[in-house]
């Protein structure tokens, strides 16, 4: 297992839905932000189906989740800079239309490191994750050479490294000792998702709520488990690709 | 290797073509049906290209194969309840149009266990199998939450377990000792496929036909081989996914 | 020119964007609502591109326009019952996915009369209008017979009449004498569109604002012009199709 | 109004569903067949939704309608030569996949005259008719030049004339005096459609059934009406295009 | 019939194939260029199927036709500035991918007047013409407002006028007296098309070749015919749309 | 590791871009050609984006790369027989339109062995490679049975073996001892790619150019590395699939 990239100047994390980035690489983003890296989010869908309550107004939910996502970016040490593509939740496609939006963001934000879902992850069911993953790989290919999408307003850009989270074959760790709390804080900014995604149905002060404590423990345990593979107290695991 | 789910009340098996379900999980269906489980088939394509005889009328073949598939369901202990989506054989796509038909069937039939092709199976060439596999995974995601396809006439439904056959990484066995014969009987109901799929070109009484005997032996050997991994006389192997 | 349908019990008006219905058939809806008809809106896109101000947050604009559309429905005498499909503004497609949603609304709301954009209107540039028009014609065909979209939760429904607004060949008038004011009131509920669609850039009390007065005059003149073709003080013009 | 093409050696009529060709140009086909022209049908969809009875088995209906269509071809004086593309009824698309099939049929059958739905017909709702119409126009363009679809097994073929039925702007008549009965006979071969398309719900001997007599009268009246435009006892009307 | 727009500063002509622009509006472009207007071409397809010789190498033909198109631009008084989208000839689609490219060109070149095929032209068979027409109308809608395709590198641009050639309902003439020769010269630059499109099979000096003389006469007659509608010696006819 | 197929009579290698085949299986093709096998290339895209120089004319680049690819075929011992599908580089799709072109080539060329990209290769970013891979697997399925694409001009053909290069799970080696030089020669025929793909920016005599020498070494080392797995001086590695 390889570990700990040099600090990038700029990092872009691409998620299918609001909160996917925090689960996938929140602590690494927090670590890098603390050391001066600029961090950006790109969220592919509008998150409009993310509730178990059929009475929810989807358009209101979209606005709520955008604010939650911006708050999470800030909780990680960013400035709330989030690109929202706004495709319908649950029906994301990885076509050319979506690809030029992702390539555009890569050319405009010029990240050294890009994070994304691993599109080759077997047995991960949600099609939005698979398609968001391919949008990152295919978007990088389109962003890097000058004859792809020459209509875009920014010059080509080739990131140095792609880190895929929820990876089918992880081979890289980022030591996130000291940044577990930032990841948890960012996750808990996604208040609309507490019940359906984090298993937190009860309301109440965070520190008195057993469901919140259980959720924190599950996340912490998982980071510790990854950490053990590299001799760190806590780590996030990735597939690393440098040949971009 | 984990094995033997508790008996479900209802099971739905999704195949690309008539006969795929019998190959993939016929003996398990037969076992469960014998113990009181209701079993259902969903067949994505119309099977209209399933012959080596260019003079075959495809529309007649479709009707023949529907009857064969219903007979196979009965041979497994079911009631011949088969949902036929009827997409053109060989050209199945896994788009939103197909996905809402699969999600609709899941909501209407409310299975505890769903069977499907493993869409991540490497080196399995037929695109219909790959697409039928993704229709199951994507259809389950759409079926389980209320804001997906709210136009459908039935409430959301979340199955408990997905079992993928022809799996890239099998991790679950179902002991089918005593149900090999039912699987074979169901397979042999697909009479139009004897030649192209089962290698049985000769006609004649089943018990005097060496090609039939050879086919029976191949299927039986394969089940025995899987059985050995779990200490069973015969087994079918699956990838099991519970986090749906 | 034929004129004045018998009062329907239920009417559904389908528009590409919030405000299209008010322009196309607002006064007729107001007249029918005043006489006891239940009126419904279906809006295909989210209206997220409807501004000349590049700093507008599209998700906020979506929420604003939904509220404006509901207020317009009420101004016409309805109860604010609006189905929002929420497809991305400017990129509406008339595929099977969208058709399923329109057919579903027709089956659920069971209108006697349906209003829509005329998809055959020549020299009307906006592709969303063309596609919204085809969604109505194609959605009616799918809604009326039992083997189309059997997954939908409501039985087939065949409307009696389709009225197309902005028609290529108008052949039917609805006398809207007395309902011009209701149409104007509903149009002016779309406050976010005052500048880009109605040419009203200045703010201020409606009755003192020359741009508002000019807009009112243009709409009133247009209705009077149509009225003259049928001997009415004011009318809205349509292509009428009864053979559905 | 121009009228009466010279007798072609071969004619191909393309319809969206079984029975569309008989309605559109059945009497002209019968006239030409009687004088030695070879006639061919190409039917784009499988007709599987053509019933008001939700209990109908769609696959059985497909087989029934194929036989009816072949019988209708024979009733017109043909040999029952019908190409069935078999696309799902109600969901026909006019993409490259379908175009390839239509171009293939044109190259193989080498018609002098092709008949089709007018895709520019305004206020004709059924999307299958619109798409079947475009498949003919686009299929002819692809069939006529050598670098289009060079994979096809037959050399390019350029028909002499395209006749569009149900035309937006008819400009050509075919005198069908003496062939009305053949058209009616062919239409009545589509027995599964008597109720939903021809308004004939009652069963019984044709010559004693008032609904049959009414249907015959409607068709006959319509042909007489077209005939009057050209001084014929009966005619079918078309848009004629020679610049192919 | 309205006629003669004020001289625009910049004009963009969009054609499906090399040579379509010269047929549609070549003389008007020549007139405007002579008076100081900058003229630009945008050609949607690569023209790779434009020959009756099956031995032609399509890639060589593409290069040849690009050069011919640039020469034609110069013959009209331009500088050979042609945007080639390069989509496969005969298979042009009017999807979002293509629309993005057309909108980009409009924003970059900032034309006052745009020319295009009339997509509503009835009984014009070639699907590339229909789709190229819709790409212009839909591309203008996308180019003009800031929230459409914000990824593009140029600010929004709203042309003043759209002129559609080969129009279903022409309502505008441009007097091209004195520019017929320029149009003919530009057309004859498309040497690879002499045979299949212009009916000129023989080789030889232009002024001694009867087929060339016949072609010149046909084009000249057509311009004179349009001219007569407006009292001009020669004119090109268009549908004019100002409400963009 | 299995190794060394019997010499096929005909082999077809399918690549996404010009040069992919030489990288993937050039030495094996050279070996087989030297022993009398007929070798064919099929290249899916036009290679029009294969440069880092934004001033390159894409159409000229296409022509250049076709010639380079034919020269490479000859360098391998073939006759320069290359099928160019010509889809836009960087935007290859694996739809039915592309699939029938690949199936057509397989039926026409009748290869015993087909080579292709492994579409299941994880962490290979370029979408054209993934899609070219699926076109081979799906094209073989379509080519082998008579009811798939019956419009094609050649009878069905079932290759004996599929060898996937850049494989996710290689299980087969071809000993290419003695054919390394031919592979290198063929690679260096792709002169337009020296800089972007082979890292050779400097011009000059091949044998004095250190960058060329480095490239030769990298390729040679890689073949030697594969060779070691099977006890050969040099080998190319594949996933082998016989059950076609």
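Quick notes
Read from first to last, the chains carry the letters A, B, C, D, E and F; within each, the first residue is number 1.
Please note the rule applied: a residue touches a chain if its C-beta (ideal position, glycine included) is under 8 Å from a C-beta of that chain, and two chains touch if they have at least 3 such contacts.
Everything numeric here is computed off the predicted structure, so don't read it as measured data.
Among the remaining chains, those touching chain A and also chain E are C, F.
Residue contact pairs shared with C-E exceed half only for one pair among E-F, D-E or A-E, and that pair is D-E. Where the sister copies chain D and chain E meet, the same residue numbers recur on both sides for under half of the interface positions. Between chain B and chain F, the centres computed from C-alpha atoms are 36 Å apart.
The distance from the centre of chain B to the centre of chain E, with each centre set as the mean of the Cα atoms, comes to 56 Å.
In terms of their C-alpha centroids, the spacing between chain A and chain C amounts to 40 Å. Each of residues 48, 58, 91, 96-97 in chain C touches at least two other chains.
A complete list of chain pairs in contact reads A-B, A-C, A-E, A-F, B-C, B-D, B-F, C-D, C-E, D-E, D-F, E-F. By the touch criterion stated above, chain C contacts chain E in their complex at residues 48-49, 51-54, 56, 58, 89-91, 122-123, 125-127, 196. Chain contact summary for the complex, chain F toward chain E: residues 46, 48, 58-60, 62-63, 66, 84, 86-88, 91, 97.
If you check the complex, the residues on chain E that touch chain C are 96, 120, 134, 137-138, 140-142, 145-148, 150, 162, 164, 168-169, 239, 241, 244. Those residues of chain D that touch chain F in the complex are listed here as 96-97, 100-101, 104, 108, 151-154.
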